[in-house]
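What follows is a group of structures, each given as structure tokens.
Paired with chain B in one complex and with chain C in the other, chain A is shared by the two complexes that follow.
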Partner chain A sequence: MFRATIDAYLLRDSVEILSVLVDEIRLRTSSDGISVKAVDPANVAMVTFNLDSSAFDDFEADESEIGLDLTKISDILGVADKNDKVSMELNENSQNMSINIGSFSYTLSLLDPSTIRSEPKIPQLELPAEIILNGTDLRRAVKAAEKISDHMLLGVNDDVFYMEAEGDTDKVRLDLARDQLIDLKPDDVRSLFSLDYLSDIVKPASKSNEVVLEIGQDFPIKINFEIANGTGKVGYLLAPRIESE
Partner chain B sequence: METKKLELPEYIIQFYLDTGIEELYPPQEEAVEKGLLDNKNLLAAIPTASGKTLISELAMLNSISTGGKCLYIVPLRALASEKFERFKEFSSIGVKVGISTGDFDSTDEWLGSNDIIVATSEKADSLLRNETSWMKDITTIVVDEIHLLDSVDRGPTLEITIAKLLRLNPNSKIIGLSATIGNAGEIAGWLDAELVQSQWRPIELYEGVFLDDNINFKQSQKPIKNIVKDTAVNLVIDTIDENGQCLVFESSRRNCAGFAKKAKSKVGKSLDKGLLDELNNIAEEVLETSDTETTKELASCIKRGTAFHHAGLNSAQRKIVEDNFRNNKIKVISSTPTLAAGLNLPARRVIVRNYKRYDPNFGMQPIPVLDYKQMSGRAGRPSLDPYGESVLISHTYNEFTDLLDRYIDAEPEDILSKLGTENALRTHVLSTIVNGFATTRQGMVDFMGSSFFAYQQQKWSLIDVVDDCIEFLQDNEMIKDDGEHLYATRLGQVISTLYIDPLSGAIIIDKLKKADKVNDMTMLHIICSTPDMRQLYLRSKEYEKINEYVMTHSDEFVEVPNPFKSIEYEWFLGEVKTALLINEWIDEKTLDDITAEFGVGEGDINALSDISEWLMHSAVNLAKLTDLDADKAQELEKRIHHGVNKDLIQLVSISNIGRVRARKLYEAGIQSVSDIKNTDLYTLSNYLGKKTAYKVLEQLGVEPEDNQQIDEEPESIKSYSGNYQGQKTFNDF
Partner chain C sequence: MTSFKKFADACKNIEKITSSLEMTDQVADLLAKVDTDELPVVTHFIMGQIFPSWSSQELGIGESLLYTALSKASGLSVDDIENIVRDTGDIGETALRALSKLSSNQVTFSSFVEEPIPQLTILEVSDRLKRIANVSGKGSQNQKVKNLQYLFNASSPEEARYLSRLAVEELRIGVGEGIVRDAMSKAFNVPVEKLERSFMLTNDLGAVAVAAHQGGEEEVSKLDIQVNRPVRMMLAQVTPSIETAFNEMGNAAIEWKFDGARVQIHKDKDEVNIFSRKLENVTNSLPDIVESVKNQLNADTAIIDGEAVAIDEDGRPRAFQDILRRFRRKYDVLSTSKEIPIILNMFDLIYLDGESYIDLPLKYRRETLGNIVENTKSIKVDKQVLTSDVEEANRVYNNALSAGHEGIMIKNPESPYSPGKRGKNWLKKKPMMETLDLVVIGGEWGYGRRANLIGSYAIACYDRDRGQYLPIGKVATGITDEKLEELTSLFSDLIVSEKGRKIEFKPEIVFEIGFEEIQKSTNYESGYALRFPRLVNVRDDKSPEESDTIERIENIYLKQRSRNHNKSS
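After this line comes the complex of A and B, so read on.
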């Protein structure tokens, strides 16, 4: 069974976090809360998402897997006001879910989870450098980079974390020294990432005051942050591009 | 007017009824009323998609039903194939259709048994020069896109071809099909044709200008959601949200590709998974056509539903883009304006993102109204879209009102003949003498008097130019004057049938005579210094590199101009750059390397190698004729054709073996046809793959023995990284 009530804005944020990579998810429920692991069709970016039962106003569930179409849910949430509550209940026999928002009530048909790409195995990676910074700083750097290039270098040198993008003719670089960061565990590393992905990922991250980046040398990057006052945890993992030349 | 009321044989009417055409469009009806099916000439100046082709079809089929033969002239090869495919549908009513492509010095006599022959204007001209016999039997001539009389490159040939055809077949009927232009009456007058002029379109066209989050049409406004910074991207998204497709016109190739890339992430998000899967397959198909950087870019755009289209793509890629736009898989094409002039590829919304174009003399200039109308006319697919929209983009109120005046409310310009220069006329003066359309100076002046130039402008202004041409041809011994008549020498005849500019012929002969020793570069530069070659533009940063090459190889050029004469010298360096590109092509450099080094597209390399092969072929003929050494040119002609070094010529002459495969075989010690014959299928398969190896042996008359088990070629594992260059995936960790 699955029955829950949650703030509309929180559900909307959650859907956004996942839909930057995939359109359909396998949602795992348990008495502790809900979780999703997904990888984009190209196998380039992954996301792990956990939302504790305490994030909900009302939560009751046992172990199960539900197949959801994210676009449908975000369409439905279009009618919701920021402060509305959304309540959901799974109708196990008819394979659909009732969703109530204010005086609207929807019946959402579910997907057969076996038709959705299975959960990825999250690779165990040793990433030597760790940076903690404000999400808006990260978003700003990515936005600047998008103007001139389609990829961006993230790295640490001495005690400075830098983000750099080079287009055909122009270049932009943002240096953040230790005192401009919340925390830094330095190591001499750098990796290049596709801005197509990065810009989508940092959008939800920008709402967080503390974003944790873990970087290696030509290795995937981990981007972790919390939502809903720490009751939700989000981790993105993005594979690098190879630097040419 | 109902189709069944047409005064045509029953089987023709039935053909149209069967294809669902029961009623004529108003301009078609007007054409019939003005004598389309009688013995009248006709000029139809009507918008795109208002049924021009059908007008020409009715006239042709009518003529064929009484034993006539029709010539359909188009400006582009791609258009020739498009029309050919369409007319082939008449085979069900017994009408035979042929298409004339191929080399300029062939006569294509075999085409004569067809009822309709489709040809480009250049090919039609060359068929006349080669005195193809069936040209005399033409009863109906259709000239598609006749407003191209205005084009500097093609206009002169088009009007001379029309003039010759009408001289050859004085009783034939001519149908001109034109875009809406300012002076259609003038062309009609020249052709002695009835004029059908109309603004009617089968589907409503709304022309608007974008300003401040709205498309402003004449009667209404349409708000556009401001999602990203780029207005054109927002317009694209808006169209796709309404289930339409978009054509975006850009000023340069670079901008075309740039826009397709820019729009792809947003467009991709609006598409459903099923379509994205199909697009992935299409992208794979594109990747198989070539492995240049441009190809990868194109594939990555197509995966997200966008594409770009310009002359830098190879023909396979262009076809994939066109076909998949027609079947509504690709949602957006950003294209250079050439697409507007050519193919029938309509879309719901046309966005003219950039209405300025670079002119080497004046910098960025607004495009002519005629060009704008050609682009906006592509909006709206008949019977598929409810309406068509074209949008110009303005950024300020001043620009907005300027665009309204300049384009939306403007009439298209008049078109002007471009025949009146020596460069345009020289080749036609020669061919006119060679083919006997004129045998005296006065006869020449009379013949030129039947051109559109003479009709439109002053006949006397042509006379000086004609005299200059005659003088040039006499000086170069291409024609002679025996006091009474002008007649062509053997040299003149050869140059005319080779279809090259007489000046090119003169340059080739002159330089071959002056050259002491001829190596590859000497010969390549000779053909690159002719006006028929399409010169590459010398960029300032390349000056040093090319200059350096000239310094160290100066003895390989017939003459090097004085570097202090800077204009002449830079022109020369441009010729050398072009020659160097051909040199790399025949040195087996990969297309990818050549495109990167010279800043050109793959389509350009194909075009350049086609032209230079043709010029080299001409050089061979000219050298033989003037008793000069033709060996080098002969060797280079073959090498350019295949793009290989000398040692591979034998191998590449086998079909199915191209430059890459040939090199592999050669390196493996299989260096001649007899070597291949002595190689067993198994070994050969290692280099060619099993299927090709089998075909090659079969072709050489060897019974391939297939007694050994050969595993199928392993499917090449294409990772997703074809999409994003250098993108790793989690499979790598």
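After this line comes the complex of A and C, so read on.
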């Protein structure tokens, strides 16, 4: 069974976090809350998403797996006001979910989870450098880079975290020293990432005051942050581009 | 589990071979090696197809989508990719070069997991491509690109050569239905005729392959017509005169040859589906016909062959273009159906209430058809005259012509319905000189005033065995400036590559070409050339595979020679 009530804005944020990478998800439910692990079709970016039962106004669930079409849910959420509550209930026999928002009631047909790409294996990575910064700083740097190039370098040198983008003719660089960051565990590393992905990922991350980046040398980046006052945890993992000279 | 690499290797070998026999052997080896569940995939892949012929599903990967995916997988810009395409003139070579270059390449998580990277399998490729065909709605372009990108990332440059060609559904290794059928015969020891017949009935070589593999001839023979899956239409040969036809046939069934579009009607209880000559589902554009069929066809399940004719106020046939306007309509279907009313003339019964009728004689099929249809103005079983009298046939012929139709059909009343065959049991007599339907494979930008227009078109006939188009000439006459503009915009989406003024097109558009004579020629790959070719019409209703074959060109050439011989002697 699955029955839950949640703030509309929080559900909308959650859908946005996931739909950056995929259209369809396998939602895992348990008495502790809900979780999703997904990888984008190109196998370049992954997301792990956990929302604790305490993030809900009302929550009751068994261990189960539900196949959801995110596009449909975000369409439905279009009618909701920021302060509306959304209540959902799974009808196990008819393979659909009732969703109530204010006076609207929807019946959403579910997807067969076996038709959705299976959960990815999350690679175990040792990433030497760790940077904690404000989400809006990260977003600003990415936005500046987008104007110039389609990829961007993230690195640490001495006690400075830098983000750099180089186009055919132009270049932009943002240096953030230790005192401009919330925290820094330095190491001499750098990796290059596609802005296709990074731009989408930093959008939801920018809403968070504390975003944790973990970087290695030509290695994937981890971008972790919390939502819903710490009751929700989001972890993106993005594979790098490798520069070949 | 067969890896995609094995398939790519096989393609590479086959591509180098010129002998059909050797090619058949290679394809047979491949078919014999793969697992049963991979067989339908490989059967279609090797011909550059993703879906069986009966399916109206399309992959929908255009040039720009493919370039974007290649750009993302290789790190080259889309401009770079376009430059390589211009250089190589082939998407396969482009993929190979782009992925061998790999500048600033996007890596995937496969590089960071401990386990060995699993090889890309044929089934995974098929699965991803089908996924691409199925996504729709908001963000679907992005999903398509990423799925392709994944495939390119997971494949070696050599594999990518064939992967990219598959993505545009053109493998270009010279393997067509004929070779696959012969290879199947060799691999599974089933007679070619049995395979051919089952293919014509099911339009699914994959299903035929599976049957052949699992149960040989017996299982293949069990494959039969299914309602809602189009059957290849039986075709007619041209007869030079009514007299010749009667000499061959004796007693004949004469019908009007309508100036319309061929349709195949499938009725499955309350559901009606209509397929065009190309076996495309055109049901949604013909709600009036659907309604009439529901009301006036007394059968549980049935497949019926007929001709849809657009008529004017006086009941005379309208221009062929008008009926195509109806077929292509997606919006305002109802108002167009009032503007261009269509009547349906039915002339053959292929299947009725669970029984295939194709092996029964025409006169019996025809009689049964008459019994299950309630004739009205909008749908009817057309008149048929059974006679051995040439004079009477001539009368019917003249009546048909004066009613504005094309001529007559002369059919053997005892003959079966032979799907996909252009045999001697159906003959057609038309007053017009013969034309050829040829595929446009290339063109050239014009000079001066016509510099922005494609002024000349390279045309080709079809080699069914190889699935290839053989050049037979160029056509540049019979085209007004206005028509040139129309054609230029029609072809601009089909450009595969350009070199100087020369353009190569994806073979898709069929031209009806008038000509004076067929000549032997070493200038063109087909070995023939046309004297005074001119564009008569664009045959929107024909698919490239339905264009005239090299065998037909040879036939006309031989007939022409014997005719000239008679004249001079």
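By definition in this document, the second predicted complex is superposed on the first by the 244 of 245 C-alpha atoms of A that agree within 3 Å, B and C clash if a C-alpha of one lies under 4 Å from a C-alpha of the other, contacts with A are read in each partner's own complex, and residues count from 1 in each chain.
In this section, a contact is a pair of C-beta atoms (placed from the backbone, for glycine too) under 8 Å apart; a residue touches a chain by one contact, two chains touch by 3 or more.
Values in this document were obtained by computation on a predicted structure and should not be read as measured data.
**Student:** Quick one: on chain A, after the overlay, do chain B and chain C clash, or do they fit? Just give me the call.
**Tutor:** On the superposed model, which is not a single observed complex, chain B and chain C clash.
**Student:** Quick check for you: in the superposed arrangement, does A:R241 touch first (chain B), second (chain C), both or neither?
**Tutor:** In the superposition, A:R241 contacts both chain B and chain C.
**Student:** Between chain B (first) and chain C (second), which, if any, makes contact with A:N43: first, second, both or neither?
**Tutor:** In the superposition, A:N43 contacts both chain B and chain C.
**Student:** Check the residue A:D23 against both partner chains and state whether it touches chain B (first), chain C (second), both, or neither.
**Tutor:** It touches chain B and chain C both.
**Student:** Pick one for A:S194: touches chain B only (first), chain C only (second), both, or neither.
**Tutor:** Both: A:S194 reaches chain B and chain C.
**Student:** With the two complexes overlaid, spot the stretch of chain B among 207-215, 297-305, 423-431 or 675-683 whose C-alpha atoms clash with chain C.
**Tutor:** So the stretch of chain B colliding with chain C after superposition is 297-305.
**Student:** Based on the A-chain superposition described above, do chain B and chain C contact any of the same residues on chain A, and if so which?
**Tutor:** Of chain A, residues 23, 39, 42-44, 46, 120, 123, 125, 192, 194, 196, 219-220, 237, 239-244 contact chain B in one complex and chain C in the other.
**Student:** State the interface residues of chain B toward chain A in the complex, per the touch definition above.
**Tutor:** On the chain B side, the touching residues are 261, 265, 273, 720, 723-733.
**Student:** If you look only at chain A, which of its residues touch chain B in the complex?
**Tutor:** Residues in contact with chain B: 23, 39, 42-44, 46, 120, 123, 125, 150, 192, 194, 196, 219-220, 237, 239-244.
**Student:** Of all residues in chain A, which touch chain C in the complex?
**Tutor:** Contact set of chain A toward chain C: 19, 23, 39-44, 46, 71, 120-121, 123, 125, 151, 192, 194, 196, 219-220, 237, 239-244.
**Student:** Would you tell me which residues of chain C are touching chain A in their complex?
**Tutor:** 72, 75, 102-113, 135, 137-139, 143, 146-147, 149-150, 153-154
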